[in-house]
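What follows is a pair of complexes built around chain A, which joins chain B in one and chain C in the other.
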Partner chain A sequence: MEHFLNASVGGIALGLIWGVLAIGVYLTYRILDFADLTVDSSLATGGVVSAVLIFNGLNPILALLISCVAGALAGLVTALLNTKLKIPAILSGILTMSALYSINLKIMDNRANVSFFGKPTINGYWADLFNMSVIGDKNVLTIITCVLVCGAVVGVLYWFFGTEYGCAVRATGFNSTMAKAQGINTDLTKIVCLMISNGLAALAGGLLAQHNQSGDVNMGTGTIVIGLASVILAETLIKDSFPFWLKLALVVVGSVVYRLIFTIAVQLGMHTNDLKLIATIIIIVALVVPKVKKHFSSKKLKGGLKNVKN
Partner chain B sequence: MKKILSVVLALVLTLSLTTFVACQPQADVSIGILQVAEHSALDDAREGFKSVVQAWADENGKSIFFDEKNANGDPNNEETLAQSLAHSGHDLLLGIATSSAQKLYGNTEDVPVLYTAVTNPTVDLGGLGTIQGVSDMNPVAQQIQLVKTIVETLHPEKETIKLAFVYNSSEGNSQKQVQLAKAECERLGGFETVDVTATDSNTIATALSGSEMVGADCIYVPTDNLMAANMNIIYAHATPNQIPVVCGEAGMCEDGEGLVTFGIDYYKLGQQVGEMAVQILSGETVENLNQFYEKECEFFINEQNALALGMTLAQIEEIQDAFSGE
Partner chain C sequence: MLKIENLTKMFNVGETTEKIALNNVCLNLEEGDFLTIIGGNGAGKSTLLNCISGVLSVDEGKILLDGQDITNLAEYKRASYVSRVFQNPLDGTAGGMNIEENLALAHRRGKKRGLGWGITKQERQLFHKLLSETGLGLENLMAQKVSTLSGGQRQSLALVMAVLVQPKILLLDEHTAALDPKTAKTVLELTEKFTKNSKFITIMVTHNMNDAIKFGNKLLMMNQGYVVFQASGEEKANLKVADLISKFSQAGAVLNDRILLNN
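Presenting the complex of A and B:
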């Protein structure tokens, strides 16, 4: 049981890191209505930038911020391909994603992996503060880091999407033609939203690299699936009437739940070759549950009407 | 409330899938193995490791449980699996390939961790304190010795050997090997080395017909991913010019393109790590482990190509004996 709990804490830590990414995916996929595949590589960009900077002795918090900027630049490229060169959304994401693979290798000086074991990470601050071990209590330390980061991200985004410009971004996603008619520069709002989203993906990548104490060119593999699955899981909880900050917080919860299911499945002895199948089943269940419920509630309504007739 | 209920229901349904899977059996010794992906070389290393540990357990009348996790190339699941293995109460953990080893080392303090199939452990696992295992770095020095033997056999009259390094200049792994190879050439003396580099398959043939290749006595190809996939291009150039090709690993010769290699056998690599594991399971601490293992390498020569170059069967056997004996 103790092993089980320890592993679950690890699942929560990873889930919170992926929560930052899931917020980014939520912004493009739900708010902007733009299927952005760039995140698969911009997450890795964030990771390798952090890894290289920390390896060279830079402050870990500064490294995270620079990661974030690097990811935002990747988002800018996708946005420019889409808005200025009129390349379809999915394709511009794929193009940036594959180009970034080479760039990520360049950042690491053509190595596939950079590790910085023993160098200070953001977790080191809490380790000193609470007198914990950087390796033994790694997951607890990451949870502290990520709760703070997620809190800050949700707070800043809540403020931003409440401003006039934030509303313009939301309007672009809701009805881009109408938004244009209202005098909104929809190209610019798309650029801003994609930069924020990929900045968040890279921030998650930076956190992940610091958690793993290494950056790897392949660390972004499957990012978009994780992001979308987290958003879909979260949406089984979200009601339209919820305030925006709560929706964002629930997206993080969705990500934690998704990761925990994996952890528990592995702990129960599930064969690792079956994990991708599990992931698919989770997503399908999450997509179907709301529809089934709707089906039953509408049946109830019909029954009610029949009673009235009789 | 209903929504929460439905999520809980979904979770329970998914988890019920896992309940029919057997939980960990009780065994005297349990070993967790994390492997980055399905890959024939890595699978060989894992099986080699298991064979040695299993033999030890049978000898000592102990039951053993291998908790094998494969990340299927997904680095995110890999971290989850590493955490799970670290907290499953195993006696020993084995990380196969760089990223798996890194993730295991990053998650455990009190369980001994061994690595295998890591090319550059001092760099990629550096800063971790005590790390133990067997690296799969190419035996570059012996391969250069092989170059020397081959050229001396073919052209006994030559005083200096012109050796061409054919590799992808953007693969760090190849750069490292070429750097080591050049140092070895310097040490042995009597070599003139040239670099023939390409960054994609379209430029390999162009590079090989360049001026650097004029008068080359031998081509050395490290374990370079690009060149391994394009050995036929190198072969097409080397054969008409009667240039022997010495390769980084057997896979590059077996398909009929390269001439000869003295490279790593991953099954034996796994067996060596298995022996280290047996030492730990017998009560040795990681720090005191005998770490000076000579890597077991395998000699492979493509006889057909050797005969085409004008070697006699007796010469082939002589070289084979010289290297297989090492």
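Presenting the complex of A and C:
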């Protein structure tokens, strides 16, 4: 039982880290309506940048911020490929993702990973404050870090998407024809949104590297699936009428739920090799459940008005 | 003043499907003019509007607005001067945002969008007042998602949004074609209300010859990319549907059922 609880705490810690990524995915996938695959590599970029910087003695918070900027630059590249060179969204993301793999290796001076055991991480601040052990209480410390980070991210995004420019970004996602007709430079709004999204992915990567005390070129593999799964799980909880900050918070919850499902599956004796298969099944179930629900509720409404999409 | 000089637009250049959509079109409109454009399918009506709004690039010719050459100005920049209502009611509004958010977006057309609030308290009051003047009852639905509105309501909202900030040119691209006759009438009445005594230029494309005669002070008939007939003032006011049909025949136009059945 104690083992199970410990595993769950670890699951929550990881879920919160990946929650930052999930928010980023939510912004592109749901707000901008842009299927961005860049995150698969920009998350790793964030991780390796943090790893290299901390290894070289930089302050861990500063390292996180620089990770974030590096991810934003990756988003900028994808956005430019799409808006200026007119390469389709998915392909733009794949191209950047692929190129970033080499760049991530270069950042680590052509090594596949960089460890920084013993160097200060952001968790160290709370460890000192609450007199805890950076190694023994790792998961709890990461939870504290990530609750603060997620709170800040949700708060800033809630503010931003309420501003004039934030509304312009949302309008671009809902209806770019209308956005252009209202004088919105939709190329720029796409660039901004992709930069924010990949900045968040890299922030998640930086947090993950600090949690693991190492950065790895492969740490982002499958990121987009995890991000989408979290968003889709969250959407089974989200109602249209919810305020934006609550939607974002629930995306983080979706990410935590996703991790806990894994934790439970492994605790129940599932082999870790089977996890990708489970992940896919979770996504399919989460995608189908709302449709089945809708099917039954519209049957109840026989002859009534059906919800019009868009 | 809108001055269009020798505007030419071709599609699929160099291919077997090459088509001249606009052929040397010239047009002069003064402040307050209301031009109706009529023509069959493929006449070039929508292409002309899309060239004016900047959706399409121009192959030859110039578009001058108050003496300023806007031929190559980006679509979003041109939006400062040119506002639009589309044929498809889904195009002119953002369905996922609520009515007041849509209006707030329109209220910033041609202005810089910064990090101030996307919608202010004063704006809410202003929008409420403006919507109640339209008599559509939308002022009580301000926080409702636009996707829940009917096509007619969405189109009316799009019209309000198009004139919320005074444009220099208002483009109406068959904005009632997708609506049922009763709703179309409401939207046309609203159009009349907004354009009456206005300082801006209105260009309305229509398939309905009665509407083309009834509305505005100028009329333009197009066929196969050419301007085949123009009328203004008294001559335009005295036009009959039969006159327009004979003009079409003279131009060698084959009128489709949609035009004929509409009249």
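The rule is short, and it goes like this: the second predicted complex is superposed on the first by the 302 of 310 C-alpha atoms of A that agree within 3 Å, B and C clash if a C-alpha of one lies under 4 Å from a C-alpha of the other, contacts with A are read in each partner's own complex, and residues count from 1 in each chain.
Keep this in mind: a residue touches a chain if its C-beta (ideal position, glycine included) is under 8 Å from a C-beta of that chain, and two chains touch if they have at least 3 such contacts.
These numbers were taken from a predicted model, which means no experiment stands behind them.
Colleague: Now for A:L14: first (chain B), second (chain C), both, or neither, which partner does it touch?
Modeller: In the superposition, A:L14 contacts chain B only.
Colleague: Contact-wise, after the overlay, does A:L85 reach chain B, chain C, both or neither (first, second, both, neither)?
Modeller: Neither partner.
Colleague: Which partner does A:T263 reach: the first (chain B), the second (chain C), both, or neither?
Modeller: After superposing on A, A:T263 lies in contact with chain B but is clear of chain C.
Colleague: Going by the contact rule set out at the top, does A:G166 touch chain B (first), chain C (second), both, or neither?
Modeller: A:G166 sits against chain C, while chain B stays out of touch.
Colleague: First (chain B), second (chain C), both or neither: which does A:I135 touch?
Modeller: first
Colleague: Tell me which of chain B and chain C touches more residues of chain A.
Modeller: B
Colleague: Look at A:G183 in the shared chain and tell me whether it touches chain B only, chain C only, both, or neither; answer first, second, both or neither.
Modeller: second
Colleague: Which partner chains sit in contact with A:M219 here, chain B, chain C, both or neither? Use first/second/both/neither.
Modeller: It touches chain B, and chain C stays clear.
Colleague: Both chain B and chain C touch chain A; at which residues?
Modeller: none
Colleague: Touching residues of chain B toward chain A in the complex: what are they?
Modeller: Its residues touching chain A are 2-4, 6-7, 9-11, 13-15, 17-19, 21-24, 68-77, 79-81, 83-84, 87-89, 98-99, 102-103, 105-110, 123-128, 170-172, 175.
Colleague: Please give the residue numbers of chain C that touch chain A in the complex, ascending.
Modeller: Interface residues on chain C, with respect to chain A: 53, 74-77, 79-80, 83-84, 86, 90-97, 101, 104-106, 108-111, 113-119, 145, 147-148, 161.
Colleague: Touching chain C in the complex: which residues of chain A?
Modeller: Against chain C, the touching part of chain A is residues 160, 162-168, 170-171, 173-175, 177-186, 240, 308-310.
Colleague: Hey, which residues of chain A end up touching chain B in the complex?
Modeller: 3-4, 6-7, 10-11, 14, 18, 105, 109-113, 115-119, 133, 135-136, 138-139, 211-214, 216, 218-219, 221-223, 226, 233, 236-237, 239, 257, 259, 261-273, 275-276, 278, 281-282, 285-286, 289-290, 293
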